[in-house]
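There are two complexes below, and they share chain A, which is joined by chain B in the first and by chain C in the second.
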Partner chain A sequence: MKSRRILYLFLLPALALYIMFFVIPTVAALGLSFTDWNGISSNIPFVGLDNYKELLKDNIFHKSVGNNVKFTLVVLTAQTALSLVFAIFLMKNSKLNVVYRTVFFLPMVLASVSIAFIWMFTYDSNIGALNVMLGNLGLAKQSWLGNSKIAIYSLAFAQIWTHIGQVMIIFIAGLQSIPENLYEAARIEGASAWQTFRYVTWPLLIPAATIVVALTTIQSFRAFDLIFVMTDGGPAYATEIISTFLYHNAFINHRFGLASASAVILMLIIAVITYTQSKLLASQNKGM
Partner chain B sequence: MKNKKLLSIVALITVFALLLTGCAKGGGGGQAQGGKTTITFAHWRPEDTEAFKKIIAKFEEQNPNVKVEMTITPSANYIANLQGMLLSGEGVDVFTTFPGSQFETIYSSNAYSDLTNEGFVKNFEPALIKAGQKDGKQYAIPYQLVYNIPVYNKALFAKYNIEVPKDWDSFLKASETLKKNGIIPIAFSIDVSPQQFINSMIMNNAPEEDIFQKLEAGQTKLTDEWFIKSLGALKELKDKGYFQQDVPGTKADGALALFAQEKAAMLAAGSFSMATVKKQNPNIQQGLIAPITTTEDKAVWKGIHTSTFMLGINAKSKKQTEAKKFIEFLSNVDIASQYANETGQMVTVKGAKYSTPELQESGKWTSVKTRFQPMYTFKKEEIKTAIVTAVQKIQQGISVEQAAKEAQIEVDKVIKK
Partner chain C sequence: MSVKHEVNSAPEAESSAKVANNVKDIMKQLILALYAALILGPFMLVVMTSLKTTQELYQNPLGLPSTFHFENYAKILMEGKMPFYFKNSFIVTIISVTLIIFFASLASYAITRLDGWKSKLMYGLFTIGMMIPTQVNMIPLYLLVVKLGLNNSILGLIIIYIAFAMPFATFIMVGFMRGIPKSLIEASKIDGANEWQIYSRVVLPLSLPSVATVAIFNFVWVWNDLLFPLLFVRTDSVKTLPLAMLRFQGEYMFDFPMIFVGVVLASIPMIVTYVLLQRWFIQGLTAGSVKG
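Our next item is the complex of A and B:
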């Protein structure tokens, strides 16, 4: 019994870190969301639910939520589908596949600010590689980050480029854990490639897919550095998402209370979506 | 067995001790080794690093008991870092801020020491340090003097026989000549230019200096004639093709490169960009030009200036004496001249001597009737953002009336709060 107590003691450092870096900031953000603190003053006026009421009416906040949903859906759909395709092709541990996997994973080890600069130059309307290529093909140049209708998709593409390798590795791990004899059985039964994927691969890949979907959703909702460096939410709020809205209010407008309220809402959105996704995928798993 | 348990407990305590040590506040810049007092100096200009290093070395030589630690955060993240440092009480001793809403926020948080009675205040041009005053007291001292009007390429103007325009018609004519000769008249970035260029558009359409205070008080609106005319002037330049292609997709570096490469004749920025342009193209001859949106006789103002990089002392700092000594040192005319010539920025210190052609060019504007940058007279940053967004919308092709209406909606929201 005593030795068990000692074992519990070993959990304390991790628990202390969790409380210090997660629980306390979360509770503090919740508390601050009921104030109109400017971020510096020792005077922290309590305003009750005013910040939440303001956010409900704030069209820039609404726009940032809309942009965030759009950004997340594009990234989630395209990144999950593409990374799964790449994972299927690069699943076998051949030397060439290992090289390809490394190449795909490479953006993950680069600093996000460096990635943002790479894409800013690529998207540059005058000297960017993309427009130069379009020009050589005789196609019209685009304002990739300046056109409010396409800027959010340009950013989503950069986000996908950055994270696709990471997601692909998760899928490869999932695919490699599927026993080979199941595929043999499917072959003996005369299953087509699609049937093999539908009834063998996909059901056993659901745990990996659950992780991928949750991870991508969280990453996309919390995306900040790429957008901050590349467009800073502009032009005219066309790429403002909740995290940039939060930053602008906290550090430019000096409205920590409002920023904290938007952080609480962001946390709730992520929690609800992630919970729903995991439930849906779990039910799909059970139904198999 | 007992020994093992004891070992486990000791290990746990060690881990906790290490954690606590790691999480404990750092040195905090207090009494350093050898009895020296360390003060921290925070600012947002990485381009000034070398110049400040030399100045700090001189200061430390003259004040052997004081050490200055410089903390630089680029302007986009500066205020976030500064907030953190001010919150921690003794995180910073001397710091810089922008005038306007940033100064107002720090002042209203009682984070500034009162510098009114310090002798070094007299070393500065009184008219240029008003931005750091509040209720008759001096809380921050602007160190830099900036002209927020476009920079132009003198050689290109001379090549096409263009005289510096003195009214709107001649400004349009000059732009047309440049365009016809394959030169982009104005390089405009979507991030820096809106806040800079709109000042010139507003200055003579709303010549009263308190126009934005009236806007914040709800006594005037962005849908009123003065702002519609200001946005209209910008729209006219856009519609006539006097900006480069794809302004919404051009960032400050891109616009500056177009100007430095002499593809554009004017850069919608300010005197602060001249040193960077010079680094990119050492042969370029630069001057400052203020677009006048009226006829010459109706132009009340000939340009825009800002006194910025405002030096202040953290009210919570326990090293007030040393911090004041450092600002006093910076206010010395020789040190201020050294700073100006090495960084390419004009200063607010009386009698500063400028040796570079760009500074001498900017220096000519001290005798011109210029107005303090309207965009830095706001107390609320959200209103400034609303105006910047209106300019960005014009560059995206939205109508003047629509952009003004949407901006006023944002202003109304702030006023209601």
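Our next item is the complex of A and C:
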């Protein structure tokens, strides 16, 4: 029995650091959201639900949520559709396909700061590749990050460029798990390519698609680095999303309470998505 | 097993199907090549830009540099603090990843060896962390780190990376270790091995695939991470590459050649490792994404 006590010692380093620097701050965020602390003063004013009430009325927070939803929908639609097409194209493990997969996945290993610089350069009004090419074609130049109507789409594209390879890999794994004999059966029945996709591939791909949709949605709500570096929420809050709103309120305005309240809301949004995903996956497994 | 092997189709139908297939195939290759260009094009542009003078960049933004200005690299490497930031990034990444693997594998081993509810409780406590976005705990964490005087310190960064890596690392490692046959552990116990010996000589060597996944995922994360240095580091001597590059932007005021020298230098270790270990990278980073 004595030898088993050493197992608690094995747990200790991981557990101590995790509780101290992860669990306690997480619980504290909830508590902080009921205060109006500036992070410095020794008295921490308790304000109940005031921060949440303020967020409900705060135009910039509304705008941030709206932008976040818009950003998420654009990324979700375009990235899911495009990555599925790539996955179908690159499903077989041929040498060329593996090279393509490696290239498409490449942005995933780069620092978000590097990716942000690459796209700030590409979108640059004067010397950016995009405007130079538009100019060469005789078309009007755009202010890709400076125009409040298009900035959020420019950012969404950079986000897709970064993550599409990863989503594609999940789809490829899903596609490769579909048994070959089902395709054979479909061919013997004389099914067209579309019918094969609709009645064989798609139903069996739904678990992978569920993971992709949940992952993409969570990634889009968690997005921070690219937007922070490229636009910092501007111009005029046109690209402010929940995470940048939170950062600005905490570290620029020193409104730690209000920022924590928006963090709790972000956590709830993500919890709902995760819960829905696990329920959907469970019901799909039962159905099979 | 392709359509070609069908015997009952008439010759004309077969040839028109072949044409249609060829058209489809060309379309497919075209789409793939275009997208590959959209990934690789910006990379090549970055490398070319890093070898231009600023003046040349404005005269000829997309073309090749007339002469390769390697002195841009010399300037950053000799005059700037780049080698210093490199060193910081290396130290933080290597120590963090090593300790993440050591602590997480020890804890995961304990979780698989403890009985019923204790094991479940510990596993639940660690893995629930995967659902919490960093933005949620970063505010209290910031206040705590400052209070403890761990801001502006390499040690502080390492401790935070270890803490934040635990949910995913234990999730992957416990999952893997549960698949190791119990009989192996029982056999080593009969041979008189203690828990440390079972962990270090039996379970850990058998868990290497999960160690690789955890190592790669965290290597990429720590090397590239901006958020924690942004929150906790002010002094130059502690900055890691991503934060240093962000400050570059201020220092060089959108001097893209200089900024891209930094991007190229900071990306080289990662890209080289990625190309060498691509299968492991793709697997590790994708396992990491499915976590939440």
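We adopt the following convention: the second predicted complex is superposed on the first by the 246 of 288 C-alpha atoms of A that agree within 3 Å, B and C clash if a C-alpha of one lies under 4 Å from a C-alpha of the other, contacts with A are read in each partner's own complex, and residues count from 1 in each chain.
Here, contacts are C-beta pairs under 8 Å (C-beta built on N, C-alpha and C of every residue); 3 or more make two chains touch, one makes a residue touch a chain.
Predicted model, so just to flag it, every value in this text is computed and none were measured.
Chemist: Quick check on the superposed pair: does A:Ile188 touch chain B, chain C, both, or neither? Answer first, second, both or neither.
Modeler: neither
Chemist: Could you tell me if A:Ala140 is touching chain B, chain C, both of them or neither one (first, second, both, neither)?
Modeler: Neither: A:Ala140 stays clear of chain B and chain C.
Chemist: Which partner does A:Ser125 reach: the first (chain B), the second (chain C), both, or neither?
Modeler: first
Chemist: On the A-aligned overlay, A:Phe86 touches which partner chain: chain B = first, chain C = second, or both, or neither?
Modeler: second
Chemist: On chain A, which partner's contacts cover more residues, chain B's or chain C's?
Modeler: C
Chemist: Taking the superposition on A as described, I'd like to know which of chain B and chain C A:Glu180 touches: first, second, both or neither.
Modeler: In the superposition, A:Glu180 touches chain C alone.
Chemist: Is A:Leu215 touching the first partner chain B, the second partner chain C, both, or neither of them?
Modeler: In the superposition, A:Leu215 touches chain C alone.
Chemist: Kindly classify A:Ser148 by the partners it touches after superposition: chain B alone (first), chain C alone (second), both, or neither?
Modeler: In the superposed model, A:Ser148 contacts chain B only, not chain C.
Chemist: Taking the superposition as given, does A:Phe10 touch the first partner, chain B, the second, chain C, both, or neither?
Modeler: After superposing on A, A:Phe10 lies in contact with both chain B and chain C.
Chemist: Per the definitions at the top, what is the overlap between the chain A residues touching chain B and those touching chain C?
Modeler: Common interface on chain A, chain B vs chain C: 3, 6, 10, 13, 17, 20, 39, 124, 126, 228, 247, 250-251.
Chemist: Chain A touches which residues of chain C in the complex?
Modeler: Contacts found on chain C: 1, 3, 28, 31-32, 35-36, 38-43, 45-46, 49, 57-58, 61-62, 103-104, 106-107, 109-111, 113-114, 122, 125-126, 129, 131-145, 159-160, 162-164, 166-167, 170, 194-196, 199, 220, 223-224, 226-227, 231, 241-242, 245-246, 249, 256, 259-260, 263, 266-267, 270-271, 274-275, 278, 281-282, 285-286, 289-290, 292.
Chemist: Show me the residue ranges of chain B that touch chain A in the complex, using the header's touch definition.
Modeler: Of all residues in chain B, those touching chain A are 5, 8-9, 12, 15-16, 19, 23, 76-77, 79-80, 83, 86-87, 101, 105-106, 108-111, 190-191, 244-251, 254, 258, 380-382, 385, 389, 392-393, 395-396, 409-410, 413, 417.
Chemist: Under the touch definition given earlier, write down the residues of chain A that touch chain B in their complex.
Modeler: Interface residues on chain A, with respect to chain B: 2-3, 6, 9-10, 12-13, 16-17, 20, 38-43, 54, 58-60, 120, 123-126, 141, 143-148, 228, 232, 234-237, 247-248, 250-254.
Chemist: Okay, in this complex, where on chain A does chain C touch?
Modeler: Those in contact with chain C are residues 3-4, 6-8, 10-11, 13-15, 17-18, 20-26, 28-29, 32, 39, 85-86, 89-90, 100-114, 117-119, 121-122, 124, 126-129, 132-133, 161, 166, 169-170, 173, 180, 184, 187, 211, 215, 218-219, 221-222, 224-225, 228-229, 242-243, 246-247, 250-251, 256, 259-260, 263-264, 266-267, 270-271, 274.
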